[in-house]
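Input: a single structure, listed below in structure tokens.
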Amino acid sequence: MKYFMFVVEDPTAEPYVPEEDNIGAWVEEMTARGVNQKGDRLRPAAEAKTVRRRGDELIVTDGPFTESREVIAGYDILECADLDEAIEVASKHPMARFGRIEIRPFWIWE
Amino acid sequence: MVSTLIRITGDWSLAEDCTAEAFEAALEKWERDGVPRNPGAWLTTVAKNRALDRLRRATNEAKKLKEVAIMNELEEPADAEDVSDDRLRLIFTCCHPALPLEARVALTLRTVAGLTTPEIASAFLVPEATMAQRIVRAKRKITNAGIPYRVPPVHLLPERLGGVLSVLYLLFNEGYSASSGTQLVRTDLAGEAIRLTRAVVGLMPDEPEATGLLALMLLQHSRRDARLDPAGELVTLDEQDRSLWDHAAIAEGLSLVTERGGGYQLQAAIAAVHARAMQPESTAWHEVVALYDRLAALSPTPVVALNRAIAIGMAHGFETGLAEIDRVAASGGLGGYYLVAAARADFLRRLGRRGEAAAEYRRALETAPTEPEQRFLVRRLEQVEAG
Amino acid sequence: MEYLMFVVVDPTGEPSDESPQAWVDELEAAGTRLHGDRLRPVEDATTVRVRNGEVIVTDGPFTESKEWIAGYDLLECDSLEEAVAAAAKHPMARAGAVEVRAAWPFDLGNAPEASTAEEAAQ
């Protein structure tokens, strides 16, 4: 099953410990397992652009689509056997500790 | 989690496991129901994805058949003759942490215990349509999110067990004292909860909280024939005919209590102190207080604090108890919780302060959740007013 | 450069029946759209956190907000302006909102800590 993994900053998370950031190891393991199909870190939220058309106007604002303290920092596209595997994969990502991770299934067309 | 505790003393044992309060406490923690969101017309297919999807679907045929099987399993309540393995699979799936807590409880009640949706709705004091939607959405999420239908692998069992135990205890409480309406005891549900908990204990015999929960249920359940008088009215713990207690259940419950104190173990240990007393006067209240001290350290909730205050009153004198109840009530978190007023009323009654007791009984009546409890309070009120 | 585009359901949007098919076809033909998909709604989301060594699994998305991500597209563009222009043509810009953000690959060969620390310090 395919899942979209949102890697998210979380002000209530554990304080960041650089020596324990094992992102390289995570990418390596998950790629080798065939679980991680594609993914990347994203530029900081301040560099996002949000686009809306309302009436005749095109409105482009700086920043993400929502004001929240939890901000997307990266993404990955996972292929897992089931949700428990996706949870396991997410839990091993360093940002599960220093941030939070959301797993959302892809919506297969019916 | 905030679990209702057995109401261990005097009058307030009338709400021994007041389900309404348990649900109320749990409700505070529950996430609010998501409102269905319809993304709208843009969610149409993409040519490339269409092709990919067809491909995926073909290879997923086997998986789909399995999904259908799971959905069928969830559609029909478990057959009594089903192997316990199937029920364990069901309950762990229904209690998966990726489901919202209220959905786990509802789904377990619906598919494992076989309650009807109206029954569950009334237990949770929500409209039937809301409950039906909650259950449907939970089933959908199991399929859509790929929640596996299985007993979790060994390395996940400990963490998944907590969720299951929470649900089982809520189920037991629903059987033990109905959340609203006229009936106070539904023993078939309690028996069901005990059966399921036994199955879980069988799976994890070394897990003290599972055995602790079973012990707690057995000890509470042992009093089922003594809790109501022939007219169907509530009988408090101190007035129960202890010869009507199920001593086989007590024996089994006592054998399961250990010194390894998790929340359920501690609550079971408290129930055990009562079960060991041949009559109310021989209850080892100091032991109860000591156990509540430990429970309060583990689970510092207002409900635990209140029950501890009551035990203190029974152990150290009613004036002391009243002071402690007032202290707990002042620290907040109990709001209109009727057991505070009922607790005060009982201590005041025992102290002979009838006028004050009457006032507290009236206050308790305002928010007593079930009719049997209301009738009980009315009888007490009449007693103190008759002088 | 790669840009991730989030298609967002936004209650302030103007309801529309317009399908994104034309947008998808145009951008794929131009080599701008690499791939994309829609996602299940937030009711099917699961959040995972590790706190004090414990894995905490809860139902729901990473944030409670009225706006939520319904899908994504991965774009290949020369600049953020180009990505914004592409996003502006998507029907959901009107019916909801669209966010674009440049990918920021780790250079895992050397010293990822510096960049990760910067990111985490946000």
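Order of writing sets the labels: A, B and C. Residues in every chain begin at 1.
What we mean here is this: a residue touches a chain if its C-beta (ideal position, glycine included) is under 8 Å from a C-beta of that chain, and two chains touch if they have at least 3 such contacts.
Remember, it's a predicted structure, so these values are computed and weren't measured experimentally.
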Using the contact definition from the top, classify how the chains connect: line, ring, star, complete or other. complete
Give the chain pair, either A-C or B-C, that is connected by more C-beta contacts. A-C
Among the chains, which has its CA centre at the largest distance from subunit A's? B
Using mean CA coordinates as chain centres, what's the subunit A-subunit B distance in Å? 37
Quick one: report the Å distance separating subunit B from subunit C, using the average Cα coordinate of each chain. 42
Cα centre of subunit A to Cα centre of subunit C, whole Å, reads 9
If I count partner chains per residue in subunit B, which residues reach a count of at least 2? 43, 45, 49, 98, 144-145
Subunit A touches at least 2 other chains through residues 83, 86-87, 103, 105, 107
In subunit C, residues with contacts to at least two other chains: 37-38, 40, 42, 44-46, 55, 57, 71
In their shared complex, at which residues does subunit C touch subunit A? 2, 4, 6, 8, 10, 12-14, 37-40, 42, 44-52, 55, 57, 61-63, 65-67, 69, 71-72, 74, 80, 83-84, 87-88, 90, 93-94, 97-106, 108, 112-113, 115-117, 119-122
Using the touch definition from the top, list the residues of subunit C that touch subunit B in their complex. 7, 9, 15-21, 24-25, 28, 36-38, 40-46, 54-55, 57-60, 68, 70-71, 91-92, 95-96
Interface with subunit B, subunit A side, in the complex: residues 1, 3, 80-84, 86-87, 103, 105, 107-109
Provide the residue numbers of subunit B that touch subunit A in the complex, in ascending order. 43, 45, 49-50, 53, 56-57, 96, 98, 144-148, 152, 156
Where on subunit A does subunit C make contact in their complex? 2, 4, 6, 8-10, 13-14, 16, 18-19, 21, 23-24, 27, 38, 40-54, 58, 60, 64-75, 83, 86-87, 90-91, 96-107
